[in-house]
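When the chains are written out, they are named A, B, C and D in that same order, and each has its own residue count from 1.
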Amino acid sequence: MVRVKLFGAGGYGGIGLIELLIRHPEASLAALVDVQGVGQRLSDMWPYLRGYCDEVIIASDSNEAKAVEADVVFCATPDGVGQTAAPAEVAAGRKVIDYSGDYRFNSVELYREYATRIGRDPEHKAPDLLKESVYGLTELHRNEISTARIVGNPGCFAVSCICGLWPAVKTGLVELEGICCDCKTGVSGAGKKPVSGFHFPERYDNSNAYRLTGHQHVMEIERELSDLAGSTVHVTFTPQVIPMVRGILSTLYGRLPEGITHARVLEAYRDTFAAEPFLDVRDFTESVGTSDVRGSNRLIVTVATDERTGTFRVISHVDNLVKGQAGSALQNMNVMFGLPETMGLDQPPQHP
Amino acid sequence: MVRVKLFGAGGYGGIGLIELLIRHPEASLAALVDVQGVGQRLSDMWPYLRGYCDEVIIASDSNEAKAVEADVVFCATPDGVGQTAAPAEVAAGRKVIDYSGDYRFNSVELYREYATRIGRDPEHKAPDLLKESVYGLTELHRNEISTARIVGNPGCFAVSCICGLWPAVKTGLVELEGICCDCKTGVSGAGKKPVSGFHFPERYDNSNAYRLTGHQHVMEIERELSDLAGSTVHVTFTPQVIPMVRGILSTLYGRLPEGITHARVLEAYRDTFAAEPFLDVRDFTESVGTSDVRGSNRLIVTVATDERTGTFRVISHVDNLVKGQAGSALQNMNVMFGLPETMGLDQPPQHP
Amino acid sequence: MVRVKLFGAGGYGGIGLIELLIRHPEASLAALVDVQGVGQRLSDMWPYLRGYCDEVIIASDSNEAKAVEADVVFCATPDGVGQTAAPAEVAAGRKVIDYSGDYRFNSVELYREYATRIGRDPEHKAPDLLKESVYGLTELHRNEISTARIVGNPGCFAVSCICGLWPAVKTGLVELEGICCDCKTGVSGAGKKPVSGFHFPERYDNSNAYRLTGHQHVMEIERELSDLAGSTVHVTFTPQVIPMVRGILSTLYGRLPEGITHARVLEAYRDTFAAEPFLDVRDFTESVGTSDVRGSNRLIVTVATDERTGTFRVISHVDNLVKGQAGSALQNMNVMFGLPETMGLDQPPQHP
Amino acid sequence: MVRVKLFGAGGYGGIGLIELLIRHPEASLAALVDVQGVGQRLSDMWPYLRGYCDEVIIASDSNEAKAVEADVVFCATPDGVGQTAAPAEVAAGRKVIDYSGDYRFNSVELYREYATRIGRDPEHKAPDLLKESVYGLTELHRNEISTARIVGNPGCFAVSCICGLWPAVKTGLVELEGICCDCKTGVSGAGKKPVSGFHFPERYDNSNAYRLTGHQHVMEIERELSDLAGSTVHVTFTPQVIPMVRGILSTLYGRLPEGITHARVLEAYRDTFAAEPFLDVRDFTESVGTSDVRGSNRLIVTVATDERTGTFRVISHVDNLVKGQAGSALQNMNVMFGLPETMGLDQPPQHP
């Protein structure tokens, strides 16, 4: 039984993991840690969990939190928390999975660029641990994850874009220059904190692009794509919010190299994803929507090459809170502890 | 292992049951039967079920459907189907749980009144079976359900109103005359068929009352409340649709008898629900919303007596598709087969 | 031309009035006053108003605000602002229309009770002005409003309940004891400030009752109904929020006196509302929803007496931001300045 | 006074025009014509219009409809209706504005290609009239529209894409090859007919691309852009539906030619749009959403060039029912009758 200590229990990323852990036959919750709601039962903060998770939240910096016996620590926390908390956890022999950007780049130089972009201290607090961290897109880094002590769980937009482009970038089915990622996300990706733009009356019939000066997720997308391509890839990334709660719809454009047909692209995606339990491919004549992955750890890519204009196009569908966050995190835990990768992730969601 | 044959597999009531059955350790799907989508895999109709339920839908009137080996038959079908289909199933030794009004009244007279109200043929097609049918509100009819061959699963509004009024009606905490049930439902209660009033642009910012000339659910509410009270109870029932998908919020009003205090009402509800795994009570100082029961088989009642005006008031929260439909049906199956009542219903939903 | 000075320009109540004023042929905006956004153009805060209202917001306590030449002052502000601001305005010869509870009660005793209920200082800051204030439900107080110097615009719930009950209470068509007001409101009624309960992911599929210990609007409802009935009326009031933006659906219950028929109730409403340009009556066989009044100053009452159970029932539909707020305010202005009551309120809204 | 005869009065395109006409000081409704709801008052079908438009709908093929005295005929009708109805109207001396694709292409060859694409009879029924038809994007064809007898109002997606790309394509600020139009639309664009994909429970948390094999609007986009560029332009067009009612958000990508800077693109848009009353430009540091144009005839373009990757990017915001449909149609009517172009379109919408 894998004993789990969870930092950031009360956020969407925390409760998303708890929902999954309760169904997981080989994991158990050891402690709920947070900075908000300390002393409350989690089910007082989130009544839908009453009877399922009535544990009391303990303070991040408490001795109680330090003394918890656990095998794995999830940091479902914003940037900056994991780099402070993780070193002691790893030193104590626990594996760590961090949701933020703290461990998505295993060099201080890349981290510095990332931190600058989001307006944080560019100096990483745990540079040694950073160096051994593994990027937690399970499908691309399964082997390293299986032995990693520290995993940087990917950003939700990054999951959708990297999985959507991977087979094409790796096998030369798209020109590496000029890739554009047009990404639409539901509001839950921004977390539970109420702000003006997500106030119900301001959002119920409103869509907009944001952070057009540069969203931080672009860095991990470019790094992964560059690794896959074997040469530098830059992408244009347009994050957009729509009046939806769960789901990301990413439409990915590029130039189709001379001689590459739709059939060939489709075949490449099918071949690459054939062995992947959570990645699915559809041809563009099939109808797919984000509700087909809502609540699930599945990612569906529609191959929709436009041969008439010589445009490469694939559309990626994912639930930002599952495969885009807590689901990927649990998938990584399974790999790190030698469990079947789909364990706890093999139940259907509810519809509608 | 209880083998399940499901009529009406492709509707919201059918897929709602399938979602639950897949998590149930002692039940297995034997056959998906429907009149629509015959020959298709259910997961082609509902892609979110791919990998979870890829069985092919067979025709209701096919020999294949008749030959299915099953222990229980769910009729997740509209009024009229179960009364034709159930007799043969029961004769073949299978227990039947019907979602519609076909078996909610165990007399031909009451059925006649019900059928007239909804504009259907007043003569029941299986009067003998009707007589032995049991009303499937598990909490009130557990014993009879445990040995029943045919159960009429309750209407979603009825679940919310009966559970909300039961303790008060039974123990004289509300005047029996003048009870008003103000019920607001999400749209999924009307099923998957697109109609003008539930077209997204017509519904996204629109609420309305409907069937003010008389909704059929009022009959089962009055029958059950009368049985509990030991004398005839009539209620005013106002069904309303609001721009929500899952959930019923029923606010139940009546006159507080002389000398009855809020404290006494609250205590009665707590006592009555203490042993019920799916019924929960809150005082009116606690905040509750339908999202607290969304996706779950739980029903939460808030006791909100208004002593100032002498008004009895409780507010009932339920997910119309779970405790209001498929969840109750599965709960009944558990009781009918001697399984723990909460089996397959003990996992947390997803939020938000 | 009536020159308008507007306090609280940047809130929903402020912009709602501005939208209407721009269409009004006999009114002009003299000044936008607020405590937030001072120095900004209103259209920078609300870009949809660019080209329609590019005036700069000035500070409430500035000399500039004091020196504005105006004929009428709207306080589209929360409780407490109007009682401080209004005396000087009235002294300067301007008429004042206040949106809050500050001038809804023309006695210090009633105000004290109201203020206590909402946790504010029970001593009114302008007791003399309070005494001459007129309650701004135009249909009931047209004559006094026409000569008033200070009008307390009614609460949105109060508009829906008082108009819905007025003809019945006045002419003895409902028992005065035991009236219950079941009110469902869209989120915009709570204003533009983001809070957790109105965060899009927490509200999109969630309904709940709130302030069950007592909502402040009940006082003005009871005062008006008592005046109409000629004897004390108490009502049970249940405010509820549903995932809608604009609109209030109030279902109003009571006991039908012996011998009163549905036909008689319907006729009374038709008679009473016949001369009212903004009040409309429908029989319960007609379908009505809040979207039928969305964006308009109209209020529609459906008479839905339940003779079977002896229950009086009417359903009131109103847009909380128009007839429930800015529309009523403008209607009052028209009356106060001798303009046609419907001026600026006679254009159709947009649908869907 | 321009007398208006309206075909298709009962659809979203019809009522959208009526809302605007009622505010228009120089236009009057002469007749409401439709195939549905004949004999009903429009306000019985759409109760929000009661008191604003109580005219009775007359049958399209009736003598009454033929005899109507009118100056202009709007065909707010699907493909195929206008090509049958318009010739007689024009022959009778009336100007015609058609909403569908019937008159968007002034050659039988182009029409044939268009009709084939949408699965209709490729032979136009009024080829002579087709030849003199003018494409109704007012900003680009003002002069021809002013004297036209027949105008083909543009598609909503086309308005968003053509206005978004026009200044760049015309002045060489984007490479003509490789332009991608990523378009997200609210549901109202599909009309009032209920279908499964727009059933509230299926749409409230669901986004998807559709018609990936080719949407018919691409043809008019390519024709207009080619005319502007002076050479053939092909674009990749991705239509997507999101859970919104009003609004289109189109993100338009292309390659930035060598040496073209963001500043230069921004300046070109500002110059081109300077004299246009309904076209607005913003820099990418300013926040814009579709709610900023909701209910209005305004179109806002955000210039968001990505110099780092050499990508041209602009984002176009429009209300599909106003500037994308009825608003443009009225704007054309104004031009055709020598009225100020903004007449009847110069009032603010309601928010939220």
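By our rule, contacts are C-beta pairs under 8 Å (C-beta built on N, C-alpha and C of every residue); 3 or more make two chains touch, one makes a residue touch a chain.
Since this is a predicted model, take the numbers as computed values, not measurements.
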Notebook entry, point to check: Which chain pair is joined by more contacting C-beta pairs, A-C or A-D?
Noted result: A-D
Note to self: Among all chains, whose Cα centre is located farthest from the one for chain D?
What the structure shows: B
Note to self: On a C-alpha centroid basis, what's the spacing between chain C and chain D, in Å?
What the structure shows: 38
Check: What whole-Å value do you get for the distance between chain A and chain D if each is reduced to the mean of its CA atoms?
Finding: 39
Check: Between chain A and chain C, what is the gap in Å from one C-alpha centre to the other?
Finding: 46
Note to self: Which positions in chain C are in touch with at least two other chains?
What the structure shows: 12, 186, 188, 201-202, 204-205, 243, 245-246, 288, 291, 294, 352
Next item on the list: Make each chain a node and each touching pair an edge, then name the shape: line, ring, star, complete, other.
Entry: complete
Next item on the list: Can you check the complex and tell me which residues of chain C touch chain A?
Entry: 12, 186-188, 192-196, 198-204, 243, 245
Next item on the list: Using the touch rule from the top, collect the residues of chain D that touch chain C in their complex.
Entry: 12, 15-16, 18-19, 22-23, 46-53, 188, 204-205, 245-246, 280, 288, 291-296, 298, 321, 347-352
Notebook entry, point to check: Where on chain C does chain B make contact in their complex?
Noted result: 177-178, 180, 182, 184, 186, 201-202, 204-210, 212-213, 234-236, 238, 240, 242-247, 249, 251, 253, 255, 284-285, 287-291, 294, 302, 304, 306, 308-311, 313, 315, 317, 352
